[in-house]
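Okay, got some structures for you below.
Two complexes are shown next, each including chain A; its partner changes from chain B in the first to chain C in the second.
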Partner chain A sequence: MIIRKEDRIWLFLFIMPSLSLFVVFFIIPILFLFITSFTNWDGIEADFVGLNNYIKLFNNKTFIRSIVNNIYWILSSALIQVPLALIIALLLSHRSRGWKVFRTILFIPQVVSSAAIALLWMALYNSEYGLINFILDSIGLEGYKNHNWLGTISTAQPALLAFWLCYVGYYMIIMLAKTTSISEDYYDAAKIDGALQFHMDWFITAPLIRSTFFTCLILGVIFNLRQFEFVYLMTNGGPANKTGVLVLYIWKELQIQRLGLGNAAGVIMIAFGAILLLLMRRILRSPNYD
Partner chain B sequence: MRYCFISFMFIFTFMFNNLLFAKEISISWPSIWVAKDSKAKVIRQLVNEFNQANSGKIKVVLEDQTDYDLYAQKLVAQLATGKLPDIFTIGTDLRDIFYRSNKGLDFVPHLDYDSNWKSIFPGNALNSNKKDGKIYMLPYEIFVTPVIYNKKLLKNAGYESFPKSYKEFIKMCKAIKKTGKICSSQMTNKNAWTSMLWYSQILASAGGPDIYNKGLDDPAYLKAAEIMREMYNYTSSDAVGATAAVSAGHFLNERSAVFMNGPWFIKRYKTEGIPGLYDNLVIAPAPMVEGGKGGIGGYIGGRQSSLAAGKQTDKNKEKAIVKFLKWLTKPDNVARLSYDSGAMFIIKTELPDDMDRLFKDMSKQAGDAPYVAPTFLNGINSLSIAREFPQALSALVLDDASPKDFVQMLKDAK
Partner chain C sequence: MTNMGNVLFNKIYYYFKWIIIIIFVIYAVFPFLWLVLTSLKTNAELLDNPFSLPNKFQFKNYKEAVTSAGLGQLIINSLIISSIATFINIIISSMFAYSISRHKFFGSNFLFLMVVSGILVPLNALIIPYFAIINYLNLYDTRIGLILVYSAVGLPVSIYILTEFFKSIPKEIEEASVVDGCNFLQRYIKIMLPLSVPGLMTAGTFQFILCWNEFIYAMLLTSSKNIRTIQFGISYFTNEFFSDYVSMFAAIVISIIPSITVFILFQERVITGLTAGAVKG
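Coming up: the complex of A and B.
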């Protein structure tokens, strides 16, 4: 389509307000972040240090561990959380008796504050009075009587991931909404051909909500790349720096006024996220992508 | 003449209007002394009394900041952006960046102008806060951190008095553990406050009160790490990852026998401890490291919070801020604060005879102490090392790091 010259002016005028906001609140801060990542800025003074911050970061075990932990979060979301949400969405799409109750129960955590959820799970995991240890002890697993789930190196990261995987409501509701747009004709035709419920789910519903599933996967990756509040509230990156994530690492650097180093970590995080999303787009691209 | 009269009337009306209807000066004070803090009640009373006495002219507005760590982080951000609150409290750890920011209100002219005010700060207290001829921080709250133990729980374990050495202390911990109780409350979350105090005590006892001038290669850091590792064998199972509330909760509920914290906690033993707890509490100096360079009865302590203000462009507001700070540092008001909360202040006051017994014991023992060494948090003079301490400690106690590795982790953090 060829845009006329006078239309271009109007186009530009209409884009201007949002474009200026985008430049002020996104482009300029990113440029600022990028420039200061080559300095030892501490909030008061700044000297150019070249690539020193980046070299320091890649030689720092805690930083590398944070990236690895972020990958754990991303993988567990992409491989377990979102597929689990898909299965639940498919089950609820049958509209069996009580499906609305289940839908509500599964979605409730999304409207509860992260702080409340974190406190609740910290209490459940507590080694002295936690419900989880009580149950394990009750069923004869005495070895777990005083097990500190969040304070033991081998269980802290799995414990953080395990509780998070239960929160599938957000993705479930998106995929469930998509199922309502599927025409009943497909199912009627399948029933005439003698298809079972499982066949209909697998061969009709699942392919038709594939684009939404991919969207959920991308959302899951983005959310988990930004993971912060649960780690901050529940373990603060401990024990022994074993559960830290990228945003927490940046937060801690900013806390001690190593703003240059923190900003370098921020640049790496943005680059990491961009590469990840480009890769995902390439992997998830399909000829039937609607 | 008529024009003169009109001009005079105009000027008179303008001045009269300004005098009568002068805009009230509002002073913001984001304060950590709110909510559960032991000083909250009297601080609020003092602010209300000041506002009443200066009604229509000055109003101090308290902004509740209930999280100490978040408050410090907010302050760091404000130092970087240059938007400091009118009044705030600041810890020694942020002293360097605060002075370098050049964003503080310099109290030197005000202290020089009012010699009475200057005289309430003892000895060298003001000079130690002077840098490049400027004083941005008025020393205010001080602290010492002795051992507080529950004599009932010690008695149940067969101990009548508190051990003098760490060797005896560990023996006592074993005996306490046999009674089903926890020996000492510990924590590794946030700044690992309680454990950090213990580490500071052991460090000063092993390496002497000047340990922080000797560098991290001094063997005292290693020795202190070894003792800390041993102490964690007799603490609660949730100590790794525990917050200050969890750590204190064990002591307040008589689950642990020994605790370490500052005088500001005295009121909480009474109000939040289980019935009868307060009556069983006894103050003692921390044990000694055998062969260490510290002295018997040495204490850990220092300056907790200093009063500070943001630089002002409005001279009237600056005067109002100084007026309020004079009110806050008035010896009678400081005595009220101390009496109600149990907190200690650098300003000398006449304290009533019925002052809390734990406060009296703490003051006496601190007065008799051969030294009051700084805490690790303040003494190490590095925010990055202080930040790494809880992570290194958890690695140490979970056997992910040897005492040597623990010290190396601190070194690497710099």
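Coming up: the complex of A and C.
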């Protein structure tokens, strides 16, 4: 559209509201995060301390543990959750009877808030009235009758990860949609060659939705890097600080007013995310089949 | 492979497919069914057997959750904050998206890329700066503070969805209206907005679900009970001294109804929105 003179003022008026909110809540916070990460800011005064915060963080066991746990979240999403979602997307892509209903049902957990999901699974894991121990008990595994899944060091982290990994709806729906863009010709040709459904799924559909699979892996990195609600509500980082994640670490620094240190952790988190995304783009850059 | 082998293999794969789909569907649904069922039991029934059906539906658990935990106020707060934040977010992002998608000017592409790259920023890293900014603006523990934050954090996704949508509307329609003497504002209100209702609904659905479900900023930026949102409110039930479990279940059920309802009503919009971006990769 040709921009006329009187349009310029309108353009300015139309862009400003979003732009100013973006500046206040994206650009300023990121600059602010970066600058204060070199200070010992405690909410009142701030002195420049150079790289001290960063040195402290990398010598802090809880912080290292938090990064490692974030890596667990990211890896288990990339190695378990997204591949599971791929399998289900391939199976639903046959468009057998009822596939739309199944698609909707599988997606529902994704629109429920993390807080509600966390409380629900705390109840399922509960040692007094939880369903999981009840089921384990009734199939004969009596050792688990009063097992406190989220309060025991050996099971807290796996329990925290496991329930979420089986909710695959989000990635599934993205990959499933991509399958609709595949031409029927491929399948017709394959059928003439005597290909079975299994072959068509794994040798035609799967390679053709590769780029979407990678998109899902990248989304998985972002989601699992900002993991907070499940950990905060279900274990609050315990037992023995074994399950904390980066955001929870920042949250706890905020509670004790070590804001400079918390912000250094925030910078590391953003940098870590950026490095991971760049690496993944590099590794996953693939020949395009489309 | 022989033909017989092929037929058998196809059959096995067919059964495998249904078994997998059914397992995951049960996994997605069953915990919620258990939640609803348990919310209708008594505490004694729950402790006795978590699997049993309630003897008599205890609807009073819901009454208890609404009155004793003040859930009514929390729902009203969440509804007010989510609706206003959705409204503001959609209005300003559609204005922004209209400007940059239908007009080429110096920096228009840069503006788009800058805002959309916000999708990749792990915003939870910024809790301390957000806390400081909201305090600086004197908006701590106010609805306006949360509304501003929610309107802002949803900008990248909304602007992305709406820009893509506006781009898909044929140029000729707008050009014809210029000939008819419509100015910038009229073109936006009379031509573009009516044509982009599906896009606005997609972005709006996402934004509403985001606001309704948001937890960390609600916890960070509010403290008093008459401002608090429901997601933060239900987390109080995790208090170890709280032993009225069935009311907690009732409260969780109430808290998830709005987002599920919005999703069921607008599911086609949610699915197109999710896929529009991802299909492009």
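In the analysis below, the second predicted complex is superposed on the first by the 262 of 290 C-alpha atoms of A that agree within 3 Å, B and C clash if a C-alpha of one lies under 4 Å from a C-alpha of the other, contacts with A are read in each partner's own complex, and residues count from 1 in each chain.
Everything below uses one rule, namely that a contact is a pair of C-beta atoms (placed from the backbone, for glycine too) under 8 Å apart; a residue touches a chain by one contact, two chains touch by 3 or more.
Note that the coordinates shown come from a computational prediction; the quantities given were computed from them, not determined experimentally.
Engineer: Once the two structures are overlaid on chain A, check if chain B and chain C clash or fit side by side.
Structural biologist: Here the two partners, once superposed via chain A, clash with each other.
Engineer: First (chain B), second (chain C), both or neither: which does A:Gly237 touch?
Structural biologist: A:Gly237 contacts chain B only, not chain C.
Engineer: By the touch definition at the top of the document, which applies to A:Trp10: first (chain B), second (chain C), both, or neither?
Structural biologist: It touches chain C, and chain B stays clear.
Engineer: According to the stated criteria, A:Gln257 is in contact with first (chain B), second (chain C), both, or neither; which is it?
Structural biologist: Only chain B is touched by A:Gln257; chain C is not.
Engineer: Could you say whether A:Glu128 touches chain B, chain C, both of them, or neither, answering first, second, both or neither?
Structural biologist: both
Engineer: Should A:Ala115 be classified as contacting the first partner (chain B), the second (chain C), both, or neither?
Structural biologist: second
Engineer: Pick one for A:Pro207: touches chain B only (first), chain C only (second), both, or neither.
Structural biologist: neither
Engineer: Who wins on chain A residues touched, chain B or chain C?
Structural biologist: Counting residues of chain A touched by each partner, the higher count goes to C.
Engineer: Flag for me the stretch of chain C that overlaps chain B after superposition; candidates: 4-12, 40-48, 112-120 or 130-138.
Structural biologist: The overlap with chain B comes from chain C residues 130-138.
Engineer: What residues on chain A does chain C touch that chain B touches too?
Structural biologist: On chain A, the overlap between the chain B and chain C contacts is residues 128, 254, 259.
Engineer: In the complex, go through chain A and note every residue touching chain C.
Structural biologist: Residues 1, 3, 6-7, 10-11, 14-15, 17-19, 21-22, 24-26, 28-30, 32-33, 36, 84, 87-88, 91-92, 94, 96, 102-109, 111-116, 119-124, 128-131, 134-135, 138, 166-170, 173-174, 177-178, 181, 194, 196-198, 211-212, 214-216, 219, 222, 225-226, 228-229, 232-233, 246-247, 250-251, 253-254, 259, 262-263, 265-267, 269-270, 273, 277.
Engineer: Can you list the residues on chain C that touch chain A in the complex?
Structural biologist: Within the complex, chain C touches chain A at residues 6, 9-10, 13-14, 17, 20-21, 24-25, 27-29, 31-32, 34-35, 38, 46-47, 49-51, 92-93, 95-96, 98-100, 102-105, 111, 114-115, 118, 120-133, 148-149, 151-153, 155, 159, 171, 174-175, 178, 183-185, 188, 209, 212-216, 220, 231-232, 234-235, 237-238, 245, 248-249, 252, 255-256, 259-260, 262-264, 267, 270-271, 274-275, 278-279, 281.
Engineer: Quick check: in the complex, which residue numbers of chain B touch chain A?
Structural biologist: Residues 73, 76-77, 79-80, 97, 100-101, 188-190, 236-242, 383-384, 387, 390-392, 394-395, 398, 400-401 of chain B touch chain A in their complex.
Engineer: Once bound in the complex, which stretches of chain A touch chain B?
Structural biologist: For this pair, the touching residues of chain A are 42-45, 62, 126-128, 146-148, 150-153, 156, 235-242, 252, 254-259.
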